[in-house]
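Before anything else, here's the structure in question.
So that you can tell them apart, the chains are marked A, B, C and D in the order they are listed, and the count of residues begins at 1 in each.
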Amino acid sequence: MSEIGVGIVGGGYMGKAHAVAHASVGALFNTRLRPRLEMVAASSRASAERYRAAFGFRRAAPDWETLVADPHVEAVVIASPQDTHRAIVEAAAALGKPVFCEKPLGASLEDAIAITEAAERAGIVNMVGFNYIRTPASQYARRLIAEGEIGEVTWFRGEHTEDFYADPAMLASWRTSGMANGTMGDLAPHMINAALALIGPIGAVMAEVETVHTDRNGTPVTNDDQAQMMCRFTGGAMGHLYFSRIATGRKMGYIYEITGTRGAIRFNQEDQNSLWLYRAEGPEAERGFRQILTGPAHPDYLPFCQGPGHGTGYQDQITIEARDFLEAIADGASRWPSFRDGLAVSHVTAAALKSHATRQWQDVAQLKGDPK
Amino acid sequence: MSEIGVGIVGGGYMGKAHAVAHASVGALFNTRLRPRLEMVAASSRASAERYRAAFGFRRAAPDWETLVADPHVEAVVIASPQDTHRAIVEAAAALGKPVFCEKPLGASLEDAIAITEAAERAGIVNMVGFNYIRTPASQYARRLIAEGEIGEVTWFRGEHTEDFYADPAMLASWRTSGMANGTMGDLAPHMINAALALIGPIGAVMAEVETVHTDRNGTPVTNDDQAQMMCRFTGGAMGHLYFSRIATGRKMGYIYEITGTRGAIRFNQEDQNSLWLYRAEGPEAERGFRQILTGPAHPDYLPFCQGPGHGTGYQDQITIEARDFLEAIADGASRWPSFRDGLAVSHVTAAALKSHATRQWQDVAQLKGDPK
Amino acid sequence: MSEIGVGIVGGGYMGKAHAVAHASVGALFNTRLRPRLEMVAASSRASAERYRAAFGFRRAAPDWETLVADPHVEAVVIASPQDTHRAIVEAAAALGKPVFCEKPLGASLEDAIAITEAAERAGIVNMVGFNYIRTPASQYARRLIAEGEIGEVTWFRGEHTEDFYADPAMLASWRTSGMANGTMGDLAPHMINAALALIGPIGAVMAEVETVHTDRNGTPVTNDDQAQMMCRFTGGAMGHLYFSRIATGRKMGYIYEITGTRGAIRFNQEDQNSLWLYRAEGPEAERGFRQILTGPAHPDYLPFCQGPGHGTGYQDQITIEARDFLEAIADGASRWPSFRDGLAVSHVTAAALKSHATRQWQDVAQLKGDPK
Amino acid sequence: MSEIGVGIVGGGYMGKAHAVAHASVGALFNTRLRPRLEMVAASSRASAERYRAAFGFRRAAPDWETLVADPHVEAVVIASPQDTHRAIVEAAAALGKPVFCEKPLGASLEDAIAITEAAERAGIVNMVGFNYIRTPASQYARRLIAEGEIGEVTWFRGEHTEDFYADPAMLASWRTSGMANGTMGDLAPHMINAALALIGPIGAVMAEVETVHTDRNGTPVTNDDQAQMMCRFTGGAMGHLYFSRIATGRKMGYIYEITGTRGAIRFNQEDQNSLWLYRAEGPEAERGFRQILTGPAHPDYLPFCQGPGHGTGYQDQITIEARDFLEAIADGASRWPSFRDGLAVSHVTAAALKSHATRQWQDVAQLKGDPK
């Protein structure tokens, strides 16, 4: 067991979450590498200093460049806005340092490609931050499907819906401009990643992307409020995805419903400790969706609690990510979801935007320029 | 209060339901017209006789022609297969008799047009059998939306999903051939009707229609197992509809979720006595979807029970239809949903099939040949 | 198949429900005996006439005595207040006519004993109206437990809670005086009956009975608002029952939760079409309560609908009672729940009241004067 | 912001939970005092060393005496079995060190009294570990009730039910002997504490305590599997509590249902991020229990996540306790729940055991020897 100096870029929503994760991950998972909160960077030296004091870092950096370059920073966590991701990854890659980058990989498909290539060229351990799929319930769902427990998948419905911009009277902000901050940029990646992880690659999409409230108090809104896409998985399943930041009443609607020939699965992040499983087995009179409460029998639950049904929460997802990142560094090999997995998500996003623009089905492989 | 002789064509699933409805509707709703179960017809004289005895009709007809023509049959209820609907309606219309016809209106768009025109030309009272929307919960949802209680609708998601053909080992049958018997023909109309009733006309659709199990024990399946469509309501809302007869685990998945700018509504027919309403009102800390149990305060509940939460069921929906049919006859004027409303549903279905064939968005008005 | 003339005493809440049930039961269940709505009686000739017209009876009676005595009334249904039950039963028994009596059996334990003895002495077919236990879900629960599917029962929790008197500002009425109209008299019998039917006899109880709002607008309230009792079943299980008419928010809280050594069952009448079953079987990671939607595989569902999850409602419970009453008459032998079963409920109620008065555990058998 | 050396006695289920809590509490809550994991003690030097390495303590103690006495240990957390609590508290009190002690306070009422008196005499900051009540949902419920939002409370139902000993085939263990390890000792305190916190003091109880499986593989079981009690709060409300370790299917059944004259609350720890609130307000047709998802608007949520509905988990409850313990130390004054609050729980437990033994209602104040 040895220490590793961790530097985090950003101390906001996710910067804090990663700081907390690295503070407790060792005790929780008995990891081989034990993180030391070495340095934090932010948009100003003053805010970095505030984060340092609040979260318990040893030092505050004047800027992310200093943090990345610091010899005591042995691994970098990026929790700053999408448009900063690329430069930070490239700098860390140049120095051969492992990087964890929050979703999505940069502010555009180009960024995502550059980020992935930089990391792979440099051979650094890399990981992207799709945390919701880390719950014991979703990890278990993924395993059930992979092992064929619900048979051949025929239908996938996913959504990521919240209502933080539902009120038409809410003012414009940085969130209402820039595609990377719209619903497709901000919320969609989580559920697209879930679709890919649970079911497999998406072959083609047919999408609609919409700005419902095009003007907020006189300021034009330049990114999307909601979007939907029909999709066809390469494995054959039909699918549908929906994303919204104006879904009145939905707080954390990361929801999926999966139909297979021998069973079905339902999940709603608003009750993240339950997985609903139906098996087309046994007497008809006893069939039904059963509410499985996660517990020590499910992946990554036991370290948090010995009692089933006692529940894990949002922060625990981030801690599971930290565990995987540290173990990947200890192994010297990236784990899922690597930047390449994040890039696959960006490709689907890009295909959806193109489909919307052309009002046509868009082949994802074709967009990627894959040889047929 | 006077009696009316009712003739029912068909004594199967729905024929029985309508017979029961007409047996009790008078006592339940104190209707002006009191039905007398005058005559039943079926595919054979023998089966009609069996139905007569079981359900308590006065007479069995050798065939539907006899029933329609019988002078003591003053109103006709059609509960026979889709391909019989048109001829029966035309015969009844020719005699000026009121007709209630089970959904969908015939076996094709052509049938639906012919049926509607025959009825309207003859000026007969006519009604189509969309029963699910008749629950107190859905009636109340419709009212809430119409009165603007959830604001401007921005999103509608509907599905009608069941699993009666989910098992790939199930044998082919009459249900697995003929578009009118597939998912688009059989299940979709109910939810399309709900979408139109709750939100308003659909302007355009982009659909996928799929036969997942193309062969059942050596017999080819010639109609669809599942279908989805993105849609755009003329009022502006984005929407999505999904239909399936292979939705493992779903028994009666007539489900809708509606987002408005000031509230939201959720409903699942599997718990038909609950309506979930969210209002974007009051302190943030107290907002949430509330589970409203239907009761005497909701439409058409009180006649069934004085106690709230005591619940209505499937059969009660059919009885509510019977009430409206009888009241329409007493008034001499059709009530919603008339054949024209049923035809609107058939137009959406047809647009979806065309969209699927062309892989393009299909304008519904254009398909109807409406002047732009 | 032959007709039987039915006379109903009362045309209020339950009188109507039974009239509707008898109007449709034949068509629904293809019963051997087909009821003819012969006569209705009420508290006045005028109201009886109103009920006759509304519900479709052939004749209105000036009083219940006339109804019971009428030669065309071949079976009597009692749906009038508790204090009328005894005299009506005794009159019908004297004439050898089958009687269905709404719960509870009269206004006191003395009434219940007299009613039961009168019926048994006369050898008439008799039945008491515990309708909630008639849902397909509760019938199935009963079967599962009887067949040992959840193992040995160790715990039973039941409640019957509504909120029709929850508002302290509600005025006093006939409901707020007379023990037979209080919570113990009015609501408790349903759930006590459920406890007896699902688990078996209750050996002893320890109860508290309370009038929370002792005064309503200056008028004293002389019966109970809520009551609870701990109980011990003779089969060994521990139990608890709670009843309330002031349970703010509860509309139809007929709820039970049953723990066995190998499984568990939960039911809530507010969602009467779901039964929740847990089996302590299979891998730990897949265990959970499953929501079984009732369907054709469950008792008495199919006659109402061929589709699972389509749902039955309150009125259907009454129709199932009517079916059993008619079949019992056809057989010439009472079916469960007979008056004796209703009396068993009254004995538990009486034991609870005595326990409350003495603040001691009360043995039920001892109260009945059973030889030990 | 200054550091404080924390020593934890025990490194099992709760010892680990507290270690993790102290590792992250500073970053999460920006506490004035920042804990340093100074020392851990366990039942052997070897296990203490194992915990040290796993959880990241600086030092392992050979025994708890050493830990308590160590000058760098400035606050003590007790997470060892109930029969060790008293001696540890007394030792820490003698040295004037703040103590957090897991529930229940020792192995008996005598222990609880001694523990409380030792702490109060010494004037040390003290706190007892009732974590479940710390969820944002339950904190908010408590506030709603205290502010009169649901009116006068008329009924409280609580349970703490799990199924870890439900299988009759499970072997005897240390858990199946010693009252402190039975259901009343182990599970009841959490829900009794909730009852006291949410509603207020309990005046009298009438209880039943039962060992259902009296023998496990030949070894007698000497403590209780389940228990129930009726109770009367001094504020007037009627109540019922139930506890079980054999509640097949229940994983974390910390459940309460509270009825007030103007509203009602329901909570189930198995879905700890939802609070169900009913308000007897607004049009009848729109009333219903609403599912409030916890979020930044609720107590102690925001530090864990900026997004509502994203959820907190078991471990977060322990971290909230750590925050309060540290803040209490910083203030130099105990916060709720202090040892005296833990003692109040023990008094109810003792009253229940006495009631069971005497089969009589037991006054709690009388048992405490309080002057009337």
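The rule we apply is simple: a residue touches a chain if its C-beta (ideal position, glycine included) is under 8 Å from a C-beta of that chain, and two chains touch if they have at least 3 such contacts.
In this text the structure is predicted, and so the values were computed from the model without any measurement.
K.L.:
What chain lies farthest away from subunit B once each centre is taken as the mean of the Cα atoms?
P.N.:
D
K.L.:
Could you let me know which interface, B-C or C-D, is made of more C-beta pairs in contact?
P.N.:
B-C
K.L.:
Could you give the separation in Å between the centres of subunit B and subunit C, each centre being the mean of its C-alpha atoms?
P.N.:
35
K.L.:
Taking each chain's centre as its mean C-alpha position, how far apart are subunit B and subunit D in Å?
P.N.:
Going by mean C-alpha positions, subunit B sits 54 Å from subunit D.
K.L.:
Approximately how many whole Å separate the CA-defined centres of subunit C and subunit D?
P.N.:
Measuring from centre to centre gives 41 Å for this pair.
K.L.:
Where in subunit C do residues touch at least two different other chains?
P.N.:
If we look for residues of subunit C contacting two or more partner chains, we find 250, 287-289, 293, 295.
K.L.:
Across the complex, what residues on subunit C touch subunit D?
P.N.:
150-151, 154-155, 157, 163, 166-168, 206, 208, 210, 212, 225-226, 228, 230, 232, 238, 240, 242, 244, 246-250, 259-264, 278, 280, 287-289, 359-361
K.L.:
Hey, which residues of subunit B end up touching subunit D in the complex?
P.N.:
Subunit B reaches subunit D through residues 140, 274, 277, 283-293, 295, 297-298.
K.L.:
Which residues, counting only subunit D, touch subunit A once they are in their complex?
P.N.:
So the residues of subunit D touching subunit A come out as 1, 13, 16-17, 19-20, 23-24, 26-28, 30, 34, 37, 53-56, 162, 164, 250-253, 269-274, 293, 295, 304-316.
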